[in-house]
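Before anything else, here is the set of structures, which you'll find just below.
Next come two complexes, and both contain subunit A; in the first it sits with subunit B, in the second with subunit C.
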Partner chain A sequence: MTIIARRLAGHLARGLVMILVVATISFFIVNNIPGDPMAARYEKLIEQGMSPEAAAQGVKVLYGFLPTGTLWEQYTDYMSGLVRLDLGVSVSRPGTPVLDVLGEATKWTVLPVLAGTLLSFLVGIVLGVYAAIKRTGKLGDALAISGSLLHGIPQYVLAMLLVVIFATLIPILPADGPVDILFEPGFNAGYIGSLVEHAVLPVATYALSAYGGWILAMKSSVVTVLGDDFILAAELRGMKRSIIFRYIARNAILPLFTILALSLGLLLGGAVFIEKIFNYPGLGLLLINSINDRDYALMGGAFLLITVAVIVANIVADLFYTVIDPRVRSGEEAR
Partner chain B sequence: MPHPASSQAPGVRIDGLTVVYKTPAGELPAVRDVSLTLEPGTITGIVGESGSGKSTLALSLLNAVQPPGRIAAGSVEIDGLGDVVGLSGERLRKARGAHIGYVFQAAQNSLNPLKTVGKQLLDLGRSHGVDDLRGLVREARELLGRMGLDGARVLDSHQHELSGGMRQRVGIMLALVLNAHVVVLDEPTTALDMITQANILKIVREVHAERGLTTLVITHDIGVVAEVADRLAVMYGGRLVEQGPTREVLGAPRHPYTRGLIQAIPRLVGDIDEARALPGRPPTLATVPTAGCVFRERCALRMDVCETDDPAAVAHGTRIVACHAVKVREHA
Partner chain C sequence: MKRLAAAVTLLGLATVTACSGGSTTQSGSGGGGGLFTTIDVNRPGLDAAAPPNPYNPKGNSFSAFNAMKIGWVKNHLTDPNQALPGIAESWEIAPDNSAITLKLQPNAKWSDGQPVTTEDVRMSIGIAYTQGSTAFSVTPGAAGAAAEVTVVDDKTLKITQNMDNPSPKFARGVLDTTVLPSHVWKDVLPADFWDKLKTARGEGAEAEKAREEITALGQKVLAFAPAKDVSAGPFVLERVNPGEALLVKNKHFYNAANVAPAQVKFLNFTGNEQIWNYLTAGKLDHSGFVAAPTDVMNRIKQAPGNEVIKGYSPVAVGMGFNQSKKPYDNVHVRRGLAYLINRDEVTKVASPEGGTPATTTTGIHQKAAPAWIGDTVGQLEPYKPDPAKAEEEFKQAGLTKKDGKWTLSDGSPWKVSMTAPSGFSDWISAQENIKSQLIKNGVDAEVVTVADYPLYLEELAAGKYDVGFWLMALGPAPYDIYQRLYGASNGWTNVAGKVTHAAPGKGGNWMGGPEEIEVEGIGKINPGELTAKLNTATAEEAKPIMTQLAKAANQDLPVIQLWDYVNNQFVSNSRFTGWPHDDEILRLGTGVLASGVWIQLGMVKSKQ
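Up next is the complex of A and B:
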């Protein structure tokens, strides 16, 4: 276990450095984007006939502060805030801390994307094994073609297609929004039912668009393992088919865990199109809105959150490998 | 567990075996009309170049020719098991491992990289309905110890923690642990260094004698055969061209191909130029002649009859040779 602890410590240290670097870069990039909402507000108040002092006071009342420091002072201020998990205050929603806004949006993104990714992973893996074993037959061809096709269709086209079919032509599912406002939020059947109903199409879009990648990756991985000598060796030793099947599955699924971990890391930022189309108040939609509103603090916070998610996913993937793959484990342990 | 005496070692009779592979040009034979008898308790060596069909022949002993190949004709009779070619399904699976052990080339990864040797041993035991798994582990540990390894440690290791020589010994252990008495070794020493090679060959010889096995060694290295085999069979283009007691064949080769092979070996002493390479290339599945002698393209003793007639394997005492030129000389 000490190897895992040592690895974890190393990863955390590296992850922390990466987070700081990304925070720095995104701070300066965001700072260099043209346009300044406070200046815009200030000028608008001047146009309305206010005196410069009154206009400045008006801006300060709205946002709670006035930008005065140099770029360097702003940077150190931002970074020291980061350490205390203080990401600043949203500009487009005056008075609301960025962290709260992000937390609210994350809730709406994580569950549907997680459900969609895991669903597509499970279905894609199982069908990928079949596509590999039956690769010379019609079933294998059909599965591989379905994979390529769905992999090739862009997410937003798929999303609109689903809306057209299931919300317009056969109106059985709601077209957009996270939940019906008719229901009292809480743990009651009506509210939860409405949540699920609204989540079906977004989840289906995630699942369908990711499924193609999984089935193709799993198929090629299984085909590679099938050609490995140890599978023939197991057969020649008279091993049971069920045991050989487990050997194949476990070896073939190994490289896919990397992709799974990475796509779970990207799930926070990867839902931009789908959330826009389904008007789902998650992180993707928040990111679009924050850019439109020139809400720098929120933008920076969203970027940072996505970065942290990817880094954490990488660390989890790596530690997971030390558990499931003995070759990785003994890299530091052997003799 | 007491091992049966060598008198109980099973005999193996390969008769008229033909194995074909499906190619775009139709089904082509990789092994054609091969007959070979493995006497009980002997080590037989099969020598041949890459593509001569020796590995295909080895797999046929377990009825395990991989698609697109298939056994088109012939039989492989093993004492106590019957004709392996006729076996299928569960009966074939149980025969593999329990009656016939197969040892892979050391360089090939014949172990699941994610599981320890011990766990794979248990999988093997469960596959063959072994009730006494503790006994199986004990037997494996003894076998490994017999081959100079620390059995407990090896069983606790993954493939990547073992050296080539250790892996090869694990392969031999897995082939023997279920008490198989026919053992096929496919290139047992290829990709091992000289010292490990000598070691493995010594182990093969000793274990063969101790456990009373009937052993088939496939190799491209005449030195390996000279070291371990009682009988030697030479393969070329899917045909057995010559077979006989190892010493006799190596001492007085009759088939021009066997002679060429032996002449091609450089000696430690003497002029390096004394070793003469065989001219030409070995045939591939697509270029092997369908009529006449398979070796005639490279043969110095080529005659007209070689173009049209496939030379029959003719027994001369303990030797069997398939060559028109040899027949002519014998009768002259």
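Up next is the complex of A and C:
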């Protein structure tokens, strides 16, 4: 068995156990969240003018979708369903499988967060290298300060700032929703243009808030590599600056790839505030709504999905590191 | 590598260029009649995957736009049965309220061109039974339940009321029923449904089983997903994404010629802030009531074209006491607090645009009160701010004042602890204001906020709070008004006319008031039983009962009525005009979007 296959098997086994543990914990936490969703629904119907008897009957029918039996029976049903990838049925969307609801919401989270993360990664590492090389100059300082500043601003503040600037003061971009409904969905310029237009501010928020971290991490990594003997040797041998630059970048970027893989794992759960501000219908917004609706099955499913994403990202990061860093491979082989 | 990148770039450009030609199918801004933009203020969070099913809580069915009711019940002060035409062009209510005969719109058609028939209405009534409604209930002996549904001819239908336990709002219950296409929904109900219903109305194990089967059908109804929307309303659902829903004009609608907009766009929202943003940006042509602080309200009004139409909303808010807890079991404490709270000030701070300070506590909205209890309103104690009277009441309750602060009779400290759910900004502002008013008068007070409304209701029902806010006066029907004070929250449960009383702290009885009250000038009354009588009383029979209950509520103060809500409707005159200003049609039935009714009846006109 190769080193990678061995590591993969070990990771998968550990990951599976972690998923089961997390599923168990989240099941019991979610099912013990206080609050009476039936009373809230009843009050809502009464406020809308429904008679008390009719409202009571309406609530009774709706909450027929709630799992029945003791908590232990519900747990065993949940776990056996999980094995079949059946996460139950949503109460707030009666009859709809939780997996379908999660699938719909996930795409709206993954695409903008992925775009924002990759954009910030690319810009951050390029400018990070530059900031390290020019660290004694004004431009290097300015880049480092911009990184610290943006890294320090909370995501939701940045989001609101962008809304104020680009949707209110200079109204050139939409501040809410994923796409204009007036465009026929499909592979046409109008629809794609609208999708992109609506994604600009959320993506910019993700990118700007993450950019600071990348530039600072890359700068620090490059500065460490710059002091290594092989760089000095390359300079003494009179190599071209572009080749030296490649040496530096390749070695300095290794730890950042690990962070990138982990960031991608966190992307599913990291968008709660942004999606709320931009009314973007992703997993974060779904999670907030499911808590408000006390939709236990949906809440549990969302928590589980976020956890699985982090576990998978950890596995991918580790394997990726094994592939790209020969030192890790040779260390394993030497054992 | 560079060549590959260049090739990919060129290919991408070519694809986008090719697609940008004829395949862009933007519907434009409304093709003639214009685009009407609104929100479903009752239901936050659009769900693109939800079916066009009016019974599904997330269903992409918008009442009065692509879902029709038999009639659109009005917001009348006292008569619950007044309505505007919906699928029924007209109706006749028997003088003794024993039956309603519906005449359907002669030209009503579904969006697929099929005519709307009495069979559609009959099947919709069957569906309503599975969900529970005032008129169509399987609970044996339920007040105002229908007895028979008879098809008279292809456009006429007669529904009789079970006169064993009649209700004055029977006709309202019938009219407020959504009509569905039987050719789409026919398989949802089993073939033997009406036989099952007959069995369910009986007694014994078989009837119980039939009732359970009908209730179980309710889940099938909720989950039913028609392949496409078939609407008898002025619009039909075209498509939905998680941010917006698009409806287009239904050319088969019976009054299509008078429907102004060509398209309707529903915007998604998850909280009030988003609605405020839409309104301040002038994006919405109409929005139903949404609470807004003064500064936001001013910004909304300043947006070009915006107008706020104010009307009657049969809802009030009261400060409810948990009488299981001391010292709130003592009426003099409750009265003393009422004399310390300046309701004008509270309303000015908490809900200046959305509320009118309550003139006194009657349990009825001040606008409807004169119609129900006449001159009695003027005879009731108004509880105007009066610290001297408050002191007198507190002394009668045995409270003592030490170093300027009121303490309990045993000398231990007293703090009025008020609880509100997070996000209810008007309630929290009101409680903060009351707190400062009480502290100024020597009564220690605090405001506690809890995470959200479901948690608030659970803990309130469990009797965990001393004082909480409570929606009340939910008209127009007298029973609905008073069951908020003398219903389950105060121990009385009314099932099919049989009234039972639960002890304080049990069965949701968080108010914990006494089962009988000695009312000055009336004598001993059981307010829960009197309230239950309202469920079957005619308007004239209800008036003396309501007078007794108003006096009881005013004297005993299970709640202090703080403000009566005002129905603020937000409209924009930029693209459409003709908005009605009539109180009675600003609020129209359960979950109904009023602007849909205004549009389908031809009141709203396009400016384009």
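To be clear about the criterion, the second predicted complex is superposed on the first by the 297 of 335 C-alpha atoms of A that agree within 3 Å, B and C clash if a C-alpha of one lies under 4 Å from a C-alpha of the other, contacts with A are read in each partner's own complex, and residues count from 1 in each chain.
Throughout what follows, contacts are C-beta pairs under 8 Å (C-beta built on N, C-alpha and C of every residue); 3 or more make two chains touch, one makes a residue touch a chain.
Because the structure is a prediction, the values reported are computed rather than measured.
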item	value
Touching partner for A:A39 - first (subunit B), second (subunit C), both, neither	second
Partner with the higher number of touched subunit A residues, subunit C or subunit B	C
Partner chain(s) touched by A:D325 [first = subunit B, second = subunit C, both, neither]	first
Partner chain in contact with A:M239 - subunit B first, subunit C second, else both or neither	first
Which superposed partner A:I3 touches (first subunit B, second subunit C, both, neither)	neither
Touching partner for A:Y247 - first (subunit B), second (subunit C), both, neither	first
Partner chain(s) touched by A:P185 [first = subunit B, second = subunit C, both, neither]	second
First (subunit B), second (subunit C), both or neither touched by A:F230	first
Of subunit C, residues touching subunit A in the complex	15-16, 19-20, 23-28, 35, 42, 44-50, 56-58, 73, 130-134, 137, 139, 142-143, 169, 173, 215-216, 218-219, 221-225, 239-246, 263, 265, 267-271, 274, 277, 314-315, 451-455, 457-459, 461, 471, 474, 477, 479-480, 483, 487-488, 587, 589-591
Residues of subunit A touching subunit B in the complex	228-230, 232-241, 243, 247, 250-251, 254, 324-327, 330, 334
Complex interface listing, subunit A residues touching subunit C	34-37, 39-40, 43-54, 56-58, 60-62, 64-65, 92-96, 100-101, 104-105, 108, 175-192, 198, 276, 279-281, 285, 288-289, 291-292, 294
Residue ranges of subunit B touching subunit A (in the complex, touch as defined)	59, 62, 64, 66, 93-98, 102, 104, 108-116, 123-124, 126-128, 158, 160-161, 171, 174-175
